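These are the structures in question, set out in turn.
Across the two complexes that follow, chain A remains constant while its partner is chain B and subsequently chain C.
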Partner chain A sequence: MTTKLMGEPVRRREDLRLITGRGRYTDDIGHGAAAAAFVRSPYAHARILGIDVDAALDVEGVIAIYTYEDLVGPMAEPLPVLIPHPQLTAPRTGFPLARDVVQHVGEAVVMVVATDRYVAEDVCDRITVSYEELPVVVGVDAARAAAHAVHEDVPDNVAARHHQETGDVEAALAASARTLSFTQYIERSACMPMEGKGVHAVWNHDDSSLRVHTSTQASTSVRAAIAAKLQLSLEKVEVIAPDVGGGFGVKIVHPWPEELLVPMAAIALGQPVHWAEDRREHFISSAHEREQRQEITVGYDDEGRVTALDVRAWHDNGAYTPYGIIVPIVTATQLVGPYAVPVYRVRIDSVYTNTVIVTPYRGAGRPQGCYAMERTMDRIAQDLGLDRAEVRRRNLIQPDQFPYDHHLTFQDGRPVIYDSGNYEGLLDKLVALVGWDRAEERRAEAASRGKQLGIGMAMYVEGTGPGPYEGGHVQVLGSGKVLVSTGLTSQGQGHETAFAQIVAHELGVPIEDVEVTTGDTRRFGYAVGTFASRAAVMSGNAIALAARGVRAKALRIAADVLEADVDDLEIDEGLVQVKGTPGASIPLRTVAVLSNPLRYAFDEAARQATQFAGPGDDSKPPVAVGDAPGLEHVDYYSPIRSTFASGAHAAVVEIDPTTWEIDVVDYAVVHDCGNIINPMIVEGQVHGGVAQGVGGALYERMAYDGDGQLQNASFMDFLMPYASEVPDVVIDHQETPSPLNPLGLKGAGEAGVIPGTACIASAIEDAVGRRIAAMPISPTELYDLVRNPDAERVPAAPTGVPA
Partner chain B sequence: MKPAPFGYADPTSLDEALTLLTEDGAKVLAGGQSLLPLLSMRLASPATLVDINRIPGLDSVVVTPSGDGAGVRVGALVRHVELLHHAEAAQVQPLLARATSNVAHPAIRNRGTTVGSIAHADPSGEMTSVLALTGGSVTVATPAGSSAVGWADFFVGPLETSVHGPAVVTEAFFPALPPRTGTAFEEVSRRKGDYAVCGAGVTVTLDEDSRVTSARASYISVGLVPEVHDLTDAVVGQSVDSADWTAAGALARTLVDPDGDLHASADYRRLLVGVLTERTLARAAQEAQNR
Partner chain C sequence: MIVSTERTISVTVNGVPRETTVPARRLLSDALRHDLQLTGTHVGCEHGVCGACTVLVDGTPVRSCLVLAVQVDGKAVTTVEGLARDDGRGGEILHPVQEAFRECHALQCGFCTPGFLMTMAAGLEARDRSTDITEDEVDEIVGGNLCRCTGYANIKKACRHAAGLMKEAAE
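Let's turn to the complex of A and B:
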């Protein structure tokens, strides 16, 4: 049948619009609105002594200037801590506009509204804020040393001490045949979506309602936040995420100060107000991720099997904790990856620094955890002289061990129980795909060309699709059009296509008839948001359930009309028919008309439907008890716990030993996200993730100086890899369905980025024979490493030789 | 990231432009590839931009293959992309195409002007070094008239030239490559098209017996102003096939004084100076045999 579309590489229906400039982003909405701009702190830590706006008041075109003093009610309170946690003992958040102390360069101090953005920035230039500078804390080590406090009332700079353990790790280490310990660092990077944040707000004075377009990953929650903070009734607030030019995590944080301040101004001024974040603002006032110091001790036996693992880490959470300690929790719980670790203890201190806040960026703590675990595997292999692939193999959770309980508590408060997986299968495929067993041959060939070749691998398990729920609405119109909506948002992932595939498949309609709307609270009011690789798992299953509800109703109505048994009916290409009886059929669109007993003959569909409309049963009401008019259904999917996707990456690098340039020549990915809706979309997600993984490993860092000034806050100096720096990626899929949800899905959004740093570090170490203890690494740093006589040399271990 | 208010004028003659430039805070706009980002970030706030794109006669590449004035004259409105694909110019002075292929990305090469990048005097720019290495000059028009200024007198510091007051750099002149001379140009950059971490342009001249008589180099992103380093001493008289280019590279490393920045330490730049010198001299020498 032509409408069975699950698993097919259907071309992304949104692409034509998006790549031909017909996308509709926040900055395309509301021309003529007044423009907001912000005066932001130039200091990393300072007390505000005064704000002088006098010189700004005569700029032609200024409309309003707001400082903390202008905030009233809930707006004058600190921003919410979205995800509290008992171990987050010292949560701190800022105010929408700084009250007395600024905690990082870029914190908003004054909002200006003017006739356009040019004028608004002119006004900003004329506002003088006087500051008293305070001592600055930059980096995990300085935060930990606590010579100075970021927040006066948190003298040790510790926001949270996260601690989980599955047994007596010290006893287990003492009983281990071998142990090793090491310390390593990972740097900051950031999401850097092509479109920064953006907000457009319109107040309708006539019915006292507010419409907000915002570039968010969570429109329903922004709506609730605006209603609460601006003291509006929820039904008077509409929030829409239009086309969004990438999110990667930064837009799940909410409410951003601007998401409250712009609507506040629109209401106060009685005119539409718009703000589009510029790139510099994005660098210094959105969010970063990844910086950690990790101290790892592992116990293992003579065959390389891990017997105990003890991880002590410090996580830089930046100046505030609006998103709680999700990132360090994810690091802690996902670190163990695909391995059976008998006894595990993890302690992560989440510490304050005078830098931009740290909230989830694609991978959300997993790249750091993977870096810790996978580098541990490499070290065990080197210590024992074993192939790195073999050591991993010996530690993998076996296929017959699922569901596998790690006895840890995940970010959603639920147990870390792996639902399904086949990790040995991943490893087998990866070794074949990258040619792991030919590594020594390739090393020799590269050496003949004057290059140092290295190969590395890394495996991961990714908890995806956490609850609590998502919903879906499916409605068939009399035109035959099928409207689908879900509350979670899209940032370019291809939801329009994937969700349409699900509905077309479940309902038996042509995909062309299906229209998908996401992230619009006018269409669907309940949602959690797009993060944690959850859209396909959560909304995909909810939409499938909603489509099944529509199908059941359609069959019930059609069975009545066709005088057939429901079980004898099928729907294909939008036609309900009696199986094996050509001609005994009714179009689904006609069923849709029949589903509503009120049928004014406004259109041809309604007129056609009358031929099927019987006289009706006078003994029953037109709409049966428990039934509803219309061919539509709403359903929700709420999982018992997360599903766990998995994968394995390998990288081959060639290093020029004269310039120390690092070239990733091969990159292989084996990926298991359960059943696949659209392999082309999954591969696109993997490609994008790998690009960000390469960026995080070799190019991107947030170069803060000791004063907390970000030295590279532009695309000239913050080096995201171009297409020319990203290797071709070869992908092999493995499909191990999740038993937890109707479609057997696991998430795919973040996977591509997770092992990048671990895998490339392994490959570089293999190439140059020097220990890599900090990532990312650039040629100038590699040069420093190889010529440092004190740099630790890596013991040679065979690659690709069965031990 | 919106510029502060500025005036804009688009004169149609050089005289008119020079008159406009007498006003305080007036600045020339040609390709805009360096200037406009500075404006948007409010790092520069000129009172008026004098857009020279409508002035006739500034958009030509004049190639003089031999004789007096042999070389390539590049007008102020010539875009990098034109030099990149200019076959005649490449014949007379091959460094032009070789260097421009390293200038940023196609979109920037399509708009940015070669003369503009020289007038901007950024030591990370390719064309400043090429002007130096070829012994070139610029023509500077002022209300008092036009005059040629040699490269050594033109570059004063990073983003600073000897030209002050109302002036338009109307042309750059790159002398023709001498006979039995080869060139090479190579950069190491973090990403393809980025400003070079280090770049090297070189010329090597051979005698009739294919022995080195001259080896010279100029570097990108090394030092405050473009410099030309004479490396001849390391290889003079040596045969092209057995010359000690490594020694020339080692010599170059002792002559330069690079700075460190976010992307490279001074030591790493010095390393690259040696490596790139060695590589490019060897290639240039091979080429010199065939010219």
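Let's turn to the complex of A and C:
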């Protein structure tokens, strides 16, 4: 029997090349290409008065210098608004190179192409751009106040007013036994993949075709954007995402200015051009996320059951809205989490500031929504003197309530209907895993060591695997090799392994024979991209369907050869055989050969399929009507709506009352992503997400000053967690399959990061007894909070004691 | 004034004597990647913070983005491409840290991985292999490099596993 593969911790097929230095990332490709570098705005808001390149022209090695004036046709138009939305009433995007106004520090103004990057930067240094400074808007509150406008024609700085409601919230609040209101903030962080962006473009003059390698999460759409902007026919453009050194969302945005400008230069100059983003460029010209101000009013009964929830929030979208209002929509719709909220209203204004654009970073608005809902649960518990776990339990959607319709519209334009779940099961497992009921003992023990211990929890539901679709192609070659391709891209999630497991399982072939290609438009032209924890759900199911198509065809051909009934055949270890009849078999590779009737025998295997090789049925055409040569199949998976994964996290913190250092000593995760293809990979995703959650809760923030200068634009100053900052994580699984897709999968990529800020805030509050109203929080801020006599005190609530 | 003085340097890279002419200002990371086309060494921050570009210079881990190529004239540099040994039959024998990374799922995107491998290889080779590795040693070895994918749990696990493999080999 074929070794069981689905659900097994199969070691990754990507790893050998990556541990021996044979991976190929964008910057590893194209030795000897000309190098691009950019002059970027040093001001957050300014009018460009002039660009003087005279001193740069005599630098040895300069090849070309481009400004806005050199852009023609669609390139001279604003970059696309990728995801239009009726509530995005004032969308604004920049130009590939700034036209007359720059809206954030780091916006590209001039592109230089030179013989190498060192020379290109020398040239940049000699270009003088003169500016007239304009008033700067930084932070949601300044944007709301609108003393100054980011975009002259958007005086209130509001790009969009997103609004959803499920009933008359004001009446429901008025009718509630109890209500409370509070305001809280969450700050900016960013994806910060270890590899920045990069683009390499080669123009083939002989056949007028363009090949672009780019570190993207959406190669098919980059291809379409390049074709549109550079006015090329789609079939003349190939876009490949090679090995990509992490994405976490920032590389789903496209086309980045550089993804258009580098190919433009390669065509104009008739030579390959290359650009590798440096880390400072990544900080000031890629994307950030998370900043919101949230005002929450909740109504509830005396038992802590929520009766109404009203959320008013302001979301900082930075200088432009190329990715629409996806992040605030996700916050708005995922906020309710695993809870039955009878009446809900959410209004989020997405506002402009003179800062780097805000687009999805792992979690994509969910951490903010979770922060709002979970802190609400904590406040209800504190108000009623109830255990925080118990309040949550009383509000959970029950297992018999699925499918559960929240009457909201999700980021894919489809209803938020939870497909399946068992939230009480998650909570039970979490309480056991973290030892919730032993919190008071632990608090006392920590106190005896001079430490303040606190425990917190947070639950979430994550809409994963949104459409519209992904596709898969599976082809068995005469060599027995099985080629698999899908259009979406990989940034380290182990797709080559997970998809190979699916195909080996579905087709009955050894996994060693399966080769998977992702993100290469030469192999698969139709795709959406890798985001929203969708790769396994979307491409996994599409590939499974494609493999099933190949299997059906293989059985049909083999049934003819073996003179057997299709239903009596099985495929195992690459051999099609009659069940229970040893010897009555044909290798799948031979079936592949026979599937393609030949005239010419180019090798030994092909001989078997040539026209004189054996007796044929003269009454039928060699390829049946409606059939096609080759043992291959393409299929697509397009879901009716997203599938909803879920989980619960708990954190135990110890605080040193001398230094106010916050140490996360325990971190427990229970998660449910439906059926699991590879638990090793899923746990790896959880570990990585938790590390980013801890970073976002305690260390990472984008420190803009009032002039819109990012004060910490380097790894020296922007504090990403090292190993010393990340707690050991204990994980428990629950598998509630999705009824929506053939493999029963739900996404797992983002989950680990979602509840981090909420549950760590809860734990710190539990430890120090003071309201935490802004995250992340540093030891200094915690010290100031605890020392401030006006800071709100939090009544001690029992932990682990059912009320 | 832009002055670009070139220097010819001799350096043994992964056991092979190489001679290359580089501008004096060329970083070792760029010389390895672009002049010698050893692209396994990755550049993550250009500030010596992330450790992705770590290589061994005369056996000692060095951040190649903080070293000029001319500074390694006459020295021996080992990059991730030189970590596995030739098995004498056209194949390679992976270093225990490479084996451990694969076994323990200690990499996802793989971009920081070469730096971790070089740091860990040097760290484990410098210690007494006959003893079991301690958690403090693991923390010390993995504590100076950044990874954005793994959350470090499996990198620490790989460090323990590699130390175990090296202990077994020494016995």
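The working rule: the second predicted complex is superposed on the first by the 787 of 803 C-alpha atoms of A that agree within 3 Å, B and C clash if a C-alpha of one lies under 4 Å from a C-alpha of the other, contacts with A are read in each partner's own complex, and residues count from 1 in each chain.
Throughout what follows, contacts are C-beta pairs under 8 Å (C-beta built on N, C-alpha and C of every residue); 3 or more make two chains touch, one makes a residue touch a chain.
Please read these numbers as outputs of a predicted model, since none were measured by experiment.
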Which of chain B and chain C A:637 touches, first, second, both or neither: neither
First, second, both or neither for A:122, with chain B first and chain C second: both
Touching partner for A:279 - first (chain B), second (chain C), both, neither: both
First (chain B), second (chain C), both or neither touched by A:659: first
First, second, both or neither for A:711, with chain B first and chain C second: first
More chain A residues in contact [chain B versus chain C]: C
Partner chain(s) touched by A:339 [first = chain B, second = chain C, both, neither]: neither
Which superposed partner A:722 touches (first chain B, second chain C, both, neither): both
Chain B versus chain C as contact partner of A:16, first or second or both or neither: second
Partner chain in contact with A:780 - chain B first, chain C second, else both or neither: first
Chain B and chain C footprints on chain A, overlapping residues: 117-118, 122, 278-279, 714, 716, 722, 724
Touching residues on chain C, where the partner in the complex is chain A: 2, 4, 23, 25-26, 30, 33-34, 37-47, 49-50, 52, 79-81, 83-84, 92, 94, 98, 101-103, 105, 107-114, 117, 139, 142-156
Complex interface listing, chain A residues touching chain B: 117-118, 121-122, 125, 278-280, 658-661, 699, 703, 711-712, 714, 716-717, 719, 721-722, 724-725, 778-780, 783-784
Complex contacts: residues of chain B adjacent to chain A: 1-5, 41-42, 188, 190-195, 197, 262-265, 267-268, 271-272, 275
Contact set on chain A toward chain C in their complex: 9, 11-12, 14-16, 18-25, 27-28, 31, 59, 116-118, 122, 191-195, 243-246, 248, 278-279, 491-494, 680-681, 683-684, 686-692, 714-716, 720, 722-724, 726, 728-729, 752
